[in-house]
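You will see subunit A twice below: alongside subunit B first, and alongside subunit C after that.
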Partner chain A sequence: MAPWKKLDEMSLVHKEVTRIDGALKVTGAAQYTYDIQRPGMLYGRILRSVHPHARVLSVDTSKAEALSGVRAVLGAIKDEVNFVGDDVAAVAAVSEEIAQEALRLIEVQYEVLPFTVRESEAKKEGAPQVFSGRPNNIGNHDERSEGEVEKGFAEADVIIEHTYHLNVQLHTPLEPHGCVCEWRGEDLYMWDSTQGVHSTRGGVARALEMPENQVHVITHHMGGGFGSKLSPKSYNIICARLAKKAGAPVKLMLDREEEMLAVGNRPSSWQKIKMGAKKDGTLTAFQMESFGTAGIGGGAGVPQPYIYNFPNWKVSHDDVHINAGAAAPMRAPGHPQANFAMESAMDELADKLGIDPLEFRLKNDANSTRQQEYKIGAEKFGWGNRKQSGSGTGLKVTGLGVGSGRWGGGGNNRTEAIVNIYPDGAVDVKIGTQDIGVGTWTIVAAVLAEELELELVDVKPMIGESDFPWAPASGGSTTAPSVTPTVKLAAEAAKKKLLEVVAEEYGVKPEEIRYGKKKFTIPGQGEIGWKTACAALNGKAISEKVQWAEGLSSSGTAGCQFAEVEVDTETGRVQVKRMVAVQDCGLVVNLLTARSQVNGGMIGEIGYSLFENRLLDHDTGIMPNADLENYKIPGALEMPDFDVTFYDEHERGVIGLGEPPAIPGVGAIANAVANAIGARIYELPITPDKVLMALAGRKEG
Partner chain B sequence: MSEQQKPGLSRRGFLKGVGGGVVGVTVLPSLRTATARYGTSVGPGAARITLTVNGEKKMIEVDPRTTLLDALRDQLGLTGSKRVCNKGQCGACTVILNGRSVLACSMLAIDADGATVETIEGLAKGDELHPVQRAFIKDDALQCGFCTPGFIMSSVLLLRQNPSPTLDEIKYAVSGNLCRCGTYPHVFKAVDEAAKAMKKGG
Partner chain C sequence: MKPFEYVNPKDIKSVPKILAEAERALLFAGGTDALARMKEGIDRPDVVVNLKKLTDLAFIKSDRKGLRIGAGALLADIIASKDAQACPGFVEAVKSVGTIQLRNMGTLGGNLCQRPRCWYYRSARFDCLRKGGDTCFAIYGDNKYHCIIGGDPCYIVYPSDIAPMLIALRAEIEVVGLKGKRRVKADDFWVLPAQDPYKENILQNDELVTQVFIPASARALKSHYVKFRERDSFDFAMVSVAVAARLDGERLTDVRIAYGGVAPKPWRAVKAERALEGQVATEERVLAAAATEFANAEPLEQNEYKVILAKNLLKRALRELVAA
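What follows is the complex of A and B.
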């Protein structure tokens, strides 16, 4: 196995390469799942529960079935519904309008059951039970510790104690979940807006109890997922069953409200934290009791103590069920939650100790990469201009903050790819990965072309189909480190085969042939071009299937971000003015699309810190802000200036970049706000009302 | 503030800045009047309408409940305009109708009868991309690309009305378009570069 070439010897990897699917996307020609049209296609819709918790006594679909244009109805999908938006029944009809009308004709009798939508209440004795047999609605319980926390606090000169609270964030991909199902005989073809064509194939086959080789999942272009689309959901199964029943293809795309209710969210988090340090700034102990809700799902835990070195620590966590849709992994699950609480607490301790927050981090962060990144970032950002918290005067005050993050992002050793070289010189690669918006089409093509010393236009990447060799679902920043080494190795194997064939044809040894830039130099016989060489294949293509191997990728990233905010002390409005990111991800495969990914991570952090909050009405369990106007995600007018630096550790090979930049800025923004107004807000999002309350509190206190 | 004087800050632009949701609803009545459907009754059966889409005259039959967006996507096969919120909050369905920016999800197809509609599919001249499209690719002003057609349509209209926009005017012009992947900074750069290229005649 050859290592990656030297940086200056590469022409397509570690360069700014524009997306190969860019033209398709800017002309509207790219076909997303939402755009798939099949002959005779019907439109599916799901009837959803209006109750947060109820037993489904009966579902009468007769009127819906009688409606002209309705082709299939599924009644009574579940016996019990557990949240507003849960599946009740479904229809397929010749138009969406008719399908919608048919839903209104379905009569459902519910026995309404007690419910709870506040995790702080749900965990109390006597609260309504989301599931029977789980007292106080406690799901997963977790306890971890190291050292002796009491001893650690005894050694501390300064101790702070606070509860940090983050609300539920929604993934909000612009393309909602949805699929198009078409049965061809016994085989099911499913165009799905998924982050995993293979995981979806497996899950769908299991749910429908059919052989996996009869399910074919296709995702050529998809409009974002951010973790919510890693595996199939009930809509996939409902759509497949509707299509089977109707004997026609069915398209079932969720609408925006369904997307917000039913297919995933980032869990809430409440972290009661006690943290101590010595006068010289050495951290001594960390203690946390946390809980959070993943709705009817699990996974609200947070990886504390985050980033910094605590010789003594102890944490415990409870997942608390409420009657809300199940959570799904969202860009760096648990990490931004941990980051917000930890970075806030770090700044509070630093303030108490009278130490500069950055100095305090440098002293307590053992990661050598981040040590460098802090310095690079501070320099670029102008950290030296940071003023004492709350010292600003006037209508608008500014503040600076810093935060850190870490992530794994290694490759999956089971990934496989096939590289074909055809007798006419054509080249392709088949790999069952998918492009969720990060530019996978482009890096697959670039790595293949780089290895074969061809141009981008000479190679054809083939991804997004479950009939291609296995690759992991695109989650956890694993795609690039799984896919790029595998494609490189398969290309290398195919190239070796080609050299062997050419050598035989020209009566030399393979190692005597020099290859470079589409030219084969054969001793004594001069140069031949790529096409001539491939003609030696004599009608049979080379087809090399190769599995991922160690050595071209690594796991483990470090990053930090700095934020400057401006706070209007009269309206409480916070505007992020500047963000600086310094991020390591090993060998950056595409410098252009990587920058986009880091920008995107930071913009997500702005939303999480300042705007986003799924509300649930206490008395009805409904989400009153289930649309894009009332659940606010960042827009053009909220954009600061961004500065992205990749900390060069290319010798470590490829590491994933999806999650890392979506972590550090959350704490950085919160700290910048506290620095600006001289008071801390313990709950995200930092909305104007909370800022005004904090300012009022500061004046009183 | 008349539209003539300050095209970058038209009433629509202003409404967009305030909040996408207001736009579709607020602008609609005036468009209804403009397209002279007002007062005539249609439905409940299908109605026949004529649209000039990307320079071609099209006659289609639509359910009176059908939005312009669904007519374009499902009946004319123009799926470039996206359906994201379907209620005027995100800009993904932005098309240019009679020279103005319209959220196609928030207008009934029958109300567009007789109108001239430009969609993302009509911007390129054969293989030659519009300068805004070229700049979007060059500056990577797209990630998943689902919001991209809407951003491009808003940007194209901006540059028609204001060939030399400032950064703030660019931000304003796309402030009714949402992007979850976070392409905004690259969009601003692309629109700025496209403006410069267009002035050079590129």
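What follows is the complex of A and C.
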């Protein structure tokens, strides 16, 4: 196995390469699941529970079935519904409007059960039970510790204690979940907006109890998932069953409300934190009691103590169930929550100690990469301009903040790819990965062309189909480190084969041939071009299937971000003015899309810290802001200047970049706000109402 | 969406009859609000009356009496019109509506007759008081964006940006119904829920807004609109304020102040007007005037901040008005 070439020897990897599917996307030619049209296609809709908790006594679909244009109805999908938006029944009809109208005609009898939608209430004695047999609605309970926390606090000169609270955030992909199902004989073809064509194939086959090789999942272009689309959900199965029953293809795309209720969210988090340090800034102890809700799902834990060195620490956590849709992984599960609380607490402690927050971090962060990143970032950002918290006067006050993150992001050793070289010189690669919007099409093509010393236009990447060799679902920042080494190795194997064939054809040894830039130099016989060489294949294509191997990728990233905010003291509005990110991810495969990835992470952080908040009405369990007017994601006018620096560790090979940039800024923004207004807001999102009340509170004393 | 009859009236005069005869009619101009309500199912009309083809609703004219704008005029056209520039505060208010896309589609009449944004009202899942149910979900629910004054039994805020400015400029609204035309002061056009919890204005079932008249006296006033939104890219006002006054040296006269985002109707701040009439708008005096105005405010659990915001925005609006 050859290592990655030297940086200055590469022409497509570690360069700024524009997306090969860019033109398709901006012209509208790229087919997203939403765009798929099949002959005779019907439209599916799901009837969803209006109650947060109920037993489904009966579902009468007769009137819906009688409606003209309705082609299939599924009644009574579940016996018990656990949240508003849970599946009850489904229809397929010749138009979406008729399908929608048919849902109105389905008569459901419920036995309404007690429910709870506030995690702080759900964990109390006697609260309504989301699931029977889980007292106080406690799901997973976790306790971890190291050292002796009491001793650590005894050694501390300064201690702070606060509760930090993050509300539920939603993934909000531009393209909601949805699929198109078409049966061809016994085989099911499913165009799905998924982050994993293979994981979806497996999940669908299991649910429908059919052989995996009869399920074919296709995702050529998809409009975002952020972790919510890693595996199939009930809509996939409902759509497949509707299509079977109707004997026609069915498209079932979720609308925005369904997207917000039923297919994933980022868990809330309450972290009661006590933290101590010595006068000289050495951290001594950390203690946390936390809880959070993942709705009817699990996974609200946070990886505390995050980032910094605590010789003594103790944490305990409870997942609390409420009657809300199950959480799904979301861009660095648990990490942004941990980051917000930890970075806030670090700044509070630094303030109390009278130490500069960055100095305090440098002192307590053992990671050597981040040590360098802090310095690079501080320089670029102008950290030296940070003023004492609350010292600003006037209508607008500014503040600076910093935060850090870490992630794994290694490759999956089971990833496989096939590279084909055809007798006419055509080249392709087949790999069952998918491009979830981050530029996977482009890096697959770039790595293949780089290895074969061809141009981008000479190679054809083939991804997004479950009939291609296995690759992992795009989650956990694993795609680039899984896919790029595998494609490189397969290309290398195919090139070797090609050299063997050419050598035989021209009567030389393979190692005597010099290859470079589409030219084969054959001793004594001069130069031949790529096409001429491939003609030696004599009708039979080379097809090399190769599995991922160690050596071209790594796992483990550090990273930090700096934020400058401006707070309008008359309105409480926080505007992020600038963000500086310093991030390592080993060998950056595409400098352009990598930068987009970091920008996107920071946009998500702005949404999380300043805008987004999934609400549930206390008395009805209904989400009142299940739309993009009231569930506020930041828009173009909320964007600051982004400055991205990649900390060069290319010798480590490729490391994933999906989650790392979506972590550090959350705490950085919160700290910048506290620095600006001289008061800390302990609950995200930091909205104008909270800022105004905090400013009013400060004035009063 | 329920099937409906789509009617193209031949002229304005024929609209009242269509409205009166239909069981549930819906006026459709820009459609930016109407379509959303139909999709959500909170409006299920039998008849949709298309006003887009009534070109005589889409004029912008000015003469010595004042500025007349047809209800069908597009917001984008108002912003671009030379005639409207004589009332800068009015143009500011129109510019602050929605987004470029919405202003390209939305009409003046539609903006003035839009329905509330209360999320309980907007979601078909809640059968709230305003929709004929028996509860207001906002009183004890999520009420951060609701009103702080003039509520009971319904706590919406009226969402139009243009409405407060029309009140500040002493505009009038022309309405046509079966009985003919009538002209109503903008100040009297919108109603509080105590008067009618199901409607936001005085329009009868057979009536539609046909034009808005801003008197020539407005040209002699300085006017300014300050809208605060949580998200600049697209948002309704959290609180907004329209101010108009004559500047006599440093003193304000003929002061008119109307708020958006604080009450179920555009809220004319009469007490604040009185406190500021003939005065120099010092910061203390403006804050005191606003405090008088909102002394009787009854914020809900989550919107006490609006009292602070309302005071601060008046301060900002008058500061900027005087400086302009």
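Everything that follows uses one rule, which is that the second predicted complex is superposed on the first by the 701 of 701 C-alpha atoms of A that agree within 3 Å, B and C clash if a C-alpha of one lies under 4 Å from a C-alpha of the other, contacts with A are read in each partner's own complex, and residues count from 1 in each chain.
Just so it is clear, contacts are C-beta pairs under 8 Å (C-beta built on N, C-alpha and C of every residue); 3 or more make two chains touch, one makes a residue touch a chain.
Not measured: the values here are computed from a predicted model.
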Scan A:617 for contacts with subunit B and subunit C and give back first, second, both or neither. second
Answer with first, second, both or neither: which of subunit B and subunit C does A:84 touch in the superposed model? second
Touched partner set for A:570, first subunit B, second subunit C, both or neither: second
Per the contact definition in the header, classify A:27: touching subunit B only (first), subunit C only (second), both, or neither. first
Which holds for A:626: it touches subunit B only (first), subunit C only (second), both, or neither? second
Going by the contact rule set out at the top, does A:693 touch subunit B (first), subunit C (second), both, or neither? second
Of subunit B and subunit C, the partner touching more residues of subunit A is B
Which partner does A:50 contact after superposing on A: first (subunit B), second (subunit C), both, neither? second
May I ask you to decide whether A:599 touches subunit B, subunit C, both, or neither, giving the answer as first, second, both or neither? first
If you stack the two complexes on chain A, which partner ends up touching A:224: first (subunit B), second (subunit C), both, or neither? first
Check: subunit A residues flagged as touching subunit B and also subunit C 97, 627, 629, 634-637
Touching residues of subunit A toward subunit B in the complex: what are they? 18-19, 21-23, 25-32, 34-35, 37, 95-97, 172-176, 221-224, 226, 253, 255-256, 436-439, 592-593, 595-597, 599-604, 627-629, 633-637, 639, 641-642
In the complex, the residues of subunit B that touch subunit A are 17, 19-21, 63, 65-66, 70, 73-74, 77-87, 89-90, 92, 119-121, 123-124, 129, 133, 136-138, 140, 142-149, 152, 171-172, 174-175, 177-188
Sort out for me which residues of subunit A touch subunit C in the complex. 50, 84, 97, 100-101, 570-573, 611, 615, 617-620, 622, 624-627, 629-630, 632, 634-638, 687-690, 692-693, 696
Residues of subunit C defined as touching subunit A within the complex: 1-2, 117, 119-120, 122-123, 125-126, 137, 140-142, 144, 228, 230-235, 238, 302-306, 308-309, 312-313, 315-316
